[in-house]
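What follows is a pair of complexes built around chain A, which joins chain B in one and chain C in the other.
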Partner chain A sequence: MGRFVLRRLLHMAITFFAMITLMFFLFRMLPGDPTATVISPALDADARAAMQARFGLDRPLIEQYFVYLASLARLDFGLSFRTSRPVWELIELRLVNTLLLILPSMIAAYVIGAIGGALMAWYRGGRAEGSLVLAATALQSAPVFWLGMLAILVFSIWLDWFPTGHIVTPGRFPEPSWRMYLTLDFLHHLALPFLVNTLYNLCFPLLLMRSTMLSTIGEDYVELARMKGLRERQVLYGHAMRNSLLPLATTLPMILGWSVAGSVVIETVFSWPGLGLLMIEGITRSDYPVVQGAFLLIAVLTILGTFVADLLYGLLDPRIVYR
Partner chain B sequence: MRVLRYFVAAVWAVPSGRVALVVLALFLGLAVLGPWIAPFDPMARTYGADGRLVRLAGPSAEHWLGTTLMGRDIASQMLYGARPAFLVGGMTAVGTVLIGLNIGLVAGYFGGRVDAVLMRITDIFLGLPFLPFIIVVLAMSGRSIWTIIFAMTIVMWRSTARVIRAQVLSLREMPFVAAARTTGAGDWAILYREIAPNVLPLALVSTAFALAWAIITEASIGFLGFGDPNVISWGSILYDAYASQVMYRAPWWVVPPGIAIMVLVSAVYFMGRAYEQVINPRLRAI
Partner chain C sequence: MRTPVLEIDRLDLGYATRAGTAAALRDVSLSVAAGESVGIVGESGCGKSTLLKAVMGVMPPNATIETGAIRFMGTDLVTAGPEVWRRARWSGIAMIAQSALNALNPVKRVSAQIAEAIRAHEDWPRDKLRARIVELFEMVGVDPARIDDFPHQFSGGMRQRVLIAMALALRPPVLLADEPTTALDVIVQNQIFRRLDALRKELGFAMLLVTHDLGLVIENCERIVVMYGGMIVEAGPTAQVIGASGHPYTLGLYNALPRLGAGVEPISIPGRPPDLVAPPPGCRFAGRCPFAQPRCTTAPPLNRLGADHVARCHRSDEMAVLRPDARLAETWERGAPVPDTIDTGSIEGI
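Our next item is the complex of A and B:
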């Protein structure tokens, strides 16, 4: 077990490193000059050269790369082009906001999806079950931002139950602080994006669990459990469902990554000040240090998610041999 | 072509698959004919008899789905939007599966160091955040339909590669592979003549799901405002509606693009699932 964790940690480190390298060179090799917003091309050649020297852009690319690595190791993401404040300051709270929205909603989606899917398979064949499959597929096929727009339309505009966006009522906290997460106002703002994200992400585990359960129900050990005289509930939860959880667990890393990445969309619809929205704002304002910082952090979350899910999978399935 | 005919025949055998195929054919027809049957130029502003812009008009006989804030005909925009959905989705799905299939085949068959290196690379790509990566690429290198296809393909092949590799790992131990080897077939011949046809069903399922994902992602890109500025897509219609800040007064502007995406993607999902049922009868309910 210890060696397995170590190996996975090593893999994770390699992935991080490759990601950082890829991003560094990608930002510099793609067409378009990100520095144009800071170092105006209209300046004369000498002034431009002086500016470039100040930012260290006159050094060889390889040297810039190592300087970049060294700063990242100190959590130094550079300065924002726009506000000239450290990027990390901006990112910190945004990271918390994203996690507060995504993590609870993913947990809710998986728990509800697993139980719901198991029940659907257990009571299969009915008309209700058929329409649930159709509804879940349709919901899964709808773009999540559109679901968000509809939710705002119905619940915020027509019914006026929830605010249309933001994390707290604008103006209530002039400076973002930790205290704002302890208010009812925050929960009120969280409700709608949470519900939409949960409902959307619920479909995948639900349908997967249903189809896994359908094949599990036919297995001999389920029949045996029944013949032992166990109650239906015991057979369902203790035997059939327990063994069907595995395929669901294998998809967890992928889905976690998708949902963190997909937060860009849900945060945009609900003006939720998370990492994804920060990245989009950075792009529209040509603030590339911010974009790079936000992107790297989203990538870190994705990779960490994969790592944790990998370990969990090993714990769930005793047949997995750690090597 | 032969693969396509086989695939359609297989899906047609399942009732839900038949419905899905009919829906898909309808959408495909709209994608091909859309620009010709559209009643208006989708970007033209409509002026009323009094010379004023027809803003946010509700559905009527003339404008089936009403007009936008700029007085543009929504029905025509919807008809134009079917084409990019198919073009971007289809090319991405094909590209994804071609890359994923080949990497999965080679990694699974040769194993050892080749496998380790290829899977490490796949892991790195799995760590790439899907949508943010595409958006960064688009922001850096310009927003065009080809960049969208390119960026999506780069981040999508990874899951196909893993699925195919797992299948190849078990296939290569099969007797027919050993039989082919005794006849003196080389590695590449075994890989592409013996093993590849056996993972084809799995690759087709992957294609269907990649298509569904690509269509949704293309819409998301459009909605975030990073779509090709010269192309009207369902995502870009929703972006316009959202950015106009008045979408709440015009549900006819917001609802249709989402419905179109939902129905099209559902059809693709059902098609993929119907085919899965054909190749794996255990998935059949009851």
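Our next item is the complex of A and C:
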């Protein structure tokens, strides 16, 4: 097991490195001179050269690459073109905001999806089950921005139960700070995007769990569990459901990537100041260091999640060989 | 006769299918005495597994016990309610399932799988549980150091032994074995049977062995039950059922047995088992029986041929005369003499 974890860590490091490299060169290849957004190209060449020198843009590309690596290691994401302040300062709270939205809703989606899907298969054939399958299938193919807007329309505008967006009531915290997470106001703002995100992420594990369970129920070991005189609950949770978790764990990395992408949309719809929204803002303002930083962290989150999912799978299935 | 531990009394079981109800068990009566070994034989699809699963009370959702009783130590499990039946499973009647390869849960240690069977019935402390599992492994001849292994770490033969160990965990008075060795090679198969027989003599449980291998039953069982198309067609002590068969189907099964060096070629029974949704009105074997007569379109009675020997055939009292004929391959190739008047009920052209 120790070696397995080490190998996975190595894999992760390689993926990480490849991703950073790819991103660095990708961003350099973007058309246009980044300094152009700060200094008008019409200004004199000297000022532009000075600017380029300040950001290190006059060095050879390969040297820029190593400088970039070195600064990343120090969590130095460079300076924002727009505010000239360190990108990390901007990103720090945004990262927390994104995590607070994604993590609880992923966990809720998987827990509800696994248990709900298992029960749907266990009590299959009922009318309630049929309509649930239909609803989940429909929900799964609905675009997430549409879902978000629908939720805002119904729960914020018509019913006025929840605010339409933002993380706290605007103006309550002139400077974003850690204290805002401790308020009811925060939870009130979190509720709707959390609900939409959970609902959106719920369908896949729910339907997958249901179909896996349907075949697991017919397995010989489930029948044997029953023959041993185990109570139905034990057969359901200890055998049928326990074994049906495996495909859920294998698909987790894929869903994680998908859900992170979905959260960019949700953050935009709900003006939730997370990494996704930061990235969108950065793009509209051509603030490349910010975009790159946000992009990088989103990728890191996905890679980390994949790593955790891999370990989880190793724990769930003793048959996989730890090499 | 010894007192019965298990009594199946006129059991009828049906499977709901799209085509209608399949009469998978009809009028099945069988009693098993303490410590006795009974073999159930019959072609694939004759209802052997269905019968054992019904006794365990673990049937597919589309199965219904229509009438009849399954008495364990005098209590009818069918009417006693699910909780009584649940308690009787494993502690009273344990089972070695048909496929050893898939019967163990792949993601759980075998010790945990045996322990949970025990704990479903008895509240034992951990060290007593583990001591019992070690003892069971020794009993079936698997290294006790491996109790905490996962199923995939064992060979097929060892998994089968683990399943036997699991079945004996609570010292059940009745052990059901559904083709316990079909997936294994002949040598391992023999080893396991010898071990099972030795354990039965040592522990004194009654065994109901299901197989389509008549030879295995002749070697291992005191009594034989022959099933055909969901019914018991003949039952009795091994010597009588084989030596003085009262049913053409039993004779046919015996002919089909390969015998080394005897100079006799095995003879198979042409045709296929009856359709259970619309079975033939009379004898279910009529469509394939070389001795069928017009009266065979009415249901034959269960004739008593000896103290404990019964056969369900109109002509069972004539068997002594028919037996020499039944040994000939031509007799069987000829098939049913009056195929047009006898509706086999089987689906043609599949």
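Some notes on this structure:
Simple rule for what comes next: the second predicted complex is superposed on the first by the 311 of 323 C-alpha atoms of A that agree within 3 Å, B and C clash if a C-alpha of one lies under 4 Å from a C-alpha of the other, contacts with A are read in each partner's own complex, and residues count from 1 in each chain.
Definition applied: a contact is a pair of C-beta atoms (placed from the backbone, for glycine too) under 8 Å apart; a residue touches a chain by one contact, two chains touch by 3 or more.
These numbers were taken from a predicted model, which means no experiment stands behind them.
After superposition on chain A, the partners chain B and chain C are seen to fit next to each other with no clash.
Once chain A of one complex is fitted onto chain A of the other, the partner contacts of A:234 are limited to chain C, with no touch recorded for chain B. In the superposition on chain A, A:224 contacts chain C only, with no contact to chain B. Taking chain A as the reference chain, the count of touched residues is higher for B when chain B and chain C are set side by side.
After overlaying the two complexes on the shared chain, residue contacts for A:276 are found with chain B alone; chain C is out of touch. When the two structures are aligned on the shared chain, A:260 is found in touch with chain B, with no touch to chain C. Shared-chain residue A:196: touches no atom of chain B or chain C.
Once the two complexes are laid over each other on the shared chain, residue contacts for A:243 go to chain C alone; chain B is not touched. Once both structures are overlaid on their shared chain A, chain B and chain C have a minimum Cα-Cα separation of 10 Å. Counting contacts as defined above, no chain A residue meets chain B in one complex and chain C in the other.
Residues of chain B touching chain A in their complex: 120, 123-124, 126-133, 135-137, 139-142, 159, 212, 216, 219-220, 223-225, 235, 238, 241-242, 247-248, 251, 254-255, 257-258, 261-266, 268-270, 282-283, 285-286. Put simply, chain C touches chain A in their complex at residues 56, 58, 86-91, 94-95, 97-99, 102-108, 116-117, 120-121, 150, 152, 166.
Contact residues on chain A toward chain C in their complex (touch as defined above): 219-221, 223-231, 234, 238-239, 242-243, 246, 316-319.
Across the complex, chain A meets chain B through its residues 11, 14-16, 18-19, 22, 26-27, 30-32, 34, 124-125, 137-138, 140-147, 149-150, 152-153, 157, 211, 214-215, 218, 253-254, 257-258, 260-262, 264-265, 268-269, 276, 279-280, 283-284, 291, 294-295, 298-299, 301-303, 306.
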